[in-house]
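Notes follow the structure.
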Amino acid sequence: MTRMPTEDTALSQLHDVVHEVADAMRRRADRGAVADYIPELATVDPSAFGIAVADNDGNVAAAGDCDVPFSIQSISKVFTLTLALGKVGDNLWRRVGREPSGSPFNSIVQLENERGVPRNPFINAGAIAVTDVILSGHQPREALGEILRFMQFLANDKAITIDKAVAASEQRTGFRNMALANYMKSFGVLTNPVDFTLGVYFHHCAIAMSCRQLALAGRFLSHSGKNPETGIAVVHAERARRINAIMLTCGHYDGSGEFAFRVGLPGKSGVGGGIFAVAPGKASIAVWSPGLDAAGNSHLGRIALEALSKRMGWSIFGA
Amino acid sequence: MTRMPTEDTALSQLHDVVHEVADAMRRRADRGAVADYIPELATVDPSAFGIAVADNDGNVAAAGDCDVPFSIQSISKVFTLTLALGKVGDNLWRRVGREPSGSPFNSIVQLENERGVPRNPFINAGAIAVTDVILSGHQPREALGEILRFMQFLANDKAITIDKAVAASEQRTGFRNMALANYMKSFGVLTNPVDFTLGVYFHHCAIAMSCRQLALAGRFLSHSGKNPETGIAVVHAERARRINAIMLTCGHYDGSGEFAFRVGLPGKSGVGGGIFAVAPGKASIAVWSPGLDAAGNSHLGRIALEALSKRMGWSIFGA
Amino acid sequence: MTRMPTEDTALSQLHDVVHEVADAMRRRADRGAVADYIPELATVDPSAFGIAVADNDGNVAAAGDCDVPFSIQSISKVFTLTLALGKVGDNLWRRVGREPSGSPFNSIVQLENERGVPRNPFINAGAIAVTDVILSGHQPREALGEILRFMQFLANDKAITIDKAVAASEQRTGFRNMALANYMKSFGVLTNPVDFTLGVYFHHCAIAMSCRQLALAGRFLSHSGKNPETGIAVVHAERARRINAIMLTCGHYDGSGEFAFRVGLPGKSGVGGGIFAVAPGKASIAVWSPGLDAAGNSHLGRIALEALSKRMGWSIFGA
Amino acid sequence: MTRMPTEDTALSQLHDVVHEVADAMRRRADRGAVADYIPELATVDPSAFGIAVADNDGNVAAAGDCDVPFSIQSISKVFTLTLALGKVGDNLWRRVGREPSGSPFNSIVQLENERGVPRNPFINAGAIAVTDVILSGHQPREALGEILRFMQFLANDKAITIDKAVAASEQRTGFRNMALANYMKSFGVLTNPVDFTLGVYFHHCAIAMSCRQLALAGRFLSHSGKNPETGIAVVHAERARRINAIMLTCGHYDGSGEFAFRVGLPGKSGVGGGIFAVAPGKASIAVWSPGLDAAGNSHLGRIALEALSKRMGWSIFGA
């Protein structure tokens, strides 16, 4: 494929920036603390760092541990939200709100104050409610298969799997999520048996993907809802914008304001240390570093995205 | 000034869209309810509608009651934040956070839970704390003069004034703001006498401006911190981006997620019925319609911005 | 046993008052609403009314449906608290507080704010934590047997049983209690498997007793910790006083202040419509009427106790 | 007046116990920390300890610094509640609740959740609302005079005065109370100008009384509403019981359960280090020791009352 010179230059710049960012991260001593609340996650190598950027021209710039699969955890919430909107459209908003919560990811206070309706699809309670919507009318195994196949389709990679040890680990210890789910059930916000919904939830959080796979999977959000290579529409352009908006306002729990302030891109973090971010109209991005900051977001991941966004001039809030 | 044909076309399109939006709003019957919690504001004509868009090329497209001054109320918080950052820089963030609150504009619960430090500069408590920073070392009259002159400078219009009847009305009835201010004072978050800080706060909320003046005043936020006509820098580009980020996540109280979802632009509303919004890299926007929705934001104002953003393709979340 | 004339007179007065109160209740049309949150409880006859008073001289005055067994529900919390204190003494207070909660019986907000430690043993969360203490080191079946035998011993009646249909009904629908238990488990406040603890909890709440049995069972609390007939000490006098104190401050959830204000006796209500109360130094009391008031306490039960307390001059707050 | 021998014996026992308790307190090294949130209070001698018990036969047993006046602070709330009930009867309960709050004395969260209506008359917000009721129709000076004269009448001592330095100190620094008052005002719960109501509130909290004066003033609450010497009724017997009930459930803020559990008497503490308590049918009690525990109640005062209650067998929860 022949490219315009300017495009080649831009691509070359992107490659340079991605490698410089990865180098800078490798040299840093501050790495945050690996999540220990899911025992299986605590075994990850804290020195890992990966980054991949898939631009709207079909290029991928990647560096570091960009091909090592990690537990995407809450990043799966972006994709289950997309699936659930595809199933029930705006009816989804009867079951979950779309406002920032001003609370930690696993807070139950808000549920009590608002009759069991979670504030947004990116806090745990909200993602469980979204999972319940996907599950409806299916067996847990079918629903889970649908989610996994959707990820494989988006990344064009059949090799993506679920890490069953991680899922089992959370199923044994996820008392707080069981509390959230039972609480919503008591208000009728969940319609399936709690164990079924949680089973699907714990498993889709345990999907393992590399930065490269994740960046490829998320391209529809940076490209008006379409896969930039195939041109196939995943969602309408307006829905892509709206998912990006929710990521911006709610994607990092009670650190969402901070992420918007520093990085200036819609993004979603997971306690596995991954962060998925979107530069609308430009690129889909995934970074991974297992050490977390106090707010539960990847410490180096956030710093890397801040550097990338600044270097590339990608902030959605201005040049 | 000679222009490129493409710019003329774009300008012409902007003019057309602005007038079409204004026409559409004029025809609507749903207008929300005029705020009555400040008695003086309740006297405003509910059928008013104004819009003004100042682009980065120095053009202004305006329609409807675009030259009628209205009480900007909480929109002033964007400009006092800018001033306070100019005074104390990032030290400001010791006095106020930058996370969405998940609460109404006048909630005091969050203050109790977080030792009197307001969540962000755009809820009332946060804006009072910001005002306290501007006041420090000055007499109230001087601080207020500085804020007013800043607005006049930004809009390049010495005619902008404070509506003293509105300020007096709020001073007589603003018990909730007095509660917030005294509460913060009890934690040492305010350093000046409560009456002084509130006096300045009530008065800068009572600044009266037209949509045109407001759109002109806000241009530095759409243009990397600089006045697009004079090229004079008001703030660094990074600070402009960050102020935009806070507007996006916190600008509409507990309706911030909804505004991001529907409009896709950083914005700040006021109970006077105005909304100021920024299309980064493109334009500074002001709309005004006094009727409010349940969340306290201008009903038609939000709808007009949603239409404008969609028609112009200005959403920061993608095309 | 020969009695002093004055005692006979007092006994005769008690009989008269008990029957008059029962008659007055029978004539009332206002009865509250039968609890429907446990489906099995919703089938009870709303017109039932029973009362029994066991004084410290070994007499029982009873009227109405005083021998009809009903689901004691939360009244069991008084007896499980007694058992748990017998097992671990003041160590219990590391797992549960003893302050009124200012919240409904099933609130979870307080748990989040206080790291999973319930405010007192009479809200649901607290009683689940107390049950967990009783369970420790035992199989659920054994722990449940111990609780049931304790009730049979106190009432001197082997016929007391557990209503398995009620227990099963709550086990199917008790999502809110499952939420509370899982939430505490996530903080390590529960040490047994959640299902085990909840199984025992749901079953001891489903113990069925008549007013007469309940009044007899509670006599140790009105008689300095001893059974007034046998003289056998159930607990030390100080512990009896302290259990009474907790009943007074916490026995009626967010209606505890109201009950103290109107009735002036330590008491504990259950959603089955029963209320157990203590006139320290005088008598142990049980009333039952299935219709509940807005706070979830027996409507006629509370009114009957208010009348009884006033007529007998039994308020602990003065003559 | 000739007395029965048994009464003399009882009186002699009371004198002995009171002196033994005072001696024991004098020997203790643990004294808590003197309140510093009202600057003027911080100057008090932390080693002071006084106790006075006025029984229903007209005797007073007193020891230690029993005649040294101290700032009664929140203890005044018992007497303003009595006055307000005398003025508006049960209408008072439209303005203030009677449930424990489960929160610190100066919490504002509960007000936001319950539309500005304070939970009970013994938290600060509730006492401010009660003061507003007493003030209605009067000038602040008159209302304050009425409260002071009521205290003088109850204690039969014209020498009782207001410590103006303490009142002024709180007026300068009582930002949290100003916040509470303005907050209630914003909901219309206060009907007088906020400054007027707070002025009266700060001044009645600054009434200075000795333990002896306080014990004498409170006798109507231990004696069915009547002064035991003069036989004059201050309130009906039922109202006395109800005020005692509110003291028991709400008298020590978020330490009310603990006080009931340990002491077993209705009581009300103040940050000046005083505690007023009632043994219904027996005695009115005042203790004073300026050092406070973590919950803001007099450390030695509570310990002294626990010892007194146990030694005299006065717990309302049983022998």
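Note that the chains take the letters A, B, C and D in the order they are written out, and that residue 1 is the start of every chain.
The criterion applied here is as follows: contacts are C-beta pairs under 8 Å (C-beta built on N, C-alpha and C of every residue); 3 or more make two chains touch, one makes a residue touch a chain.
This is a predicted model, so every value here is computed, not measured.
Think of each touching pair as a link: the shortest run of links from chain A to chain D has 2 of them. Centroid distances from chain C, each centroid being the mean of CA atoms, peak for B. Chain geometry summary: the mean Cα position of chain A and that of chain C are 49 Å apart.
Chain geometry summary: the mean Cα position of chain A and that of chain B are 32 Å apart. Each chain gets a centre from the mean of its Cα atoms; for chain B and chain C, those two points are 57 Å apart. Of all residues in chain D, none touches two or more other chains.
Touching pairs of chains, sorted by label, consist of A-B, A-C, B-D, C-D. Every residue of chain C that touches chain D in the complex is listed here, in rising order: 97-103, 110, 119-120, 221-224, 237, 240-242, 244-246, 248-250, 254-258, 260-261, 264, 266, 278, 280-281, 315-319.
Listing the residues of chain B that touch chain D in their complex gives 107-109, 111-113, 175-176, 178-183, 185-186, 194.
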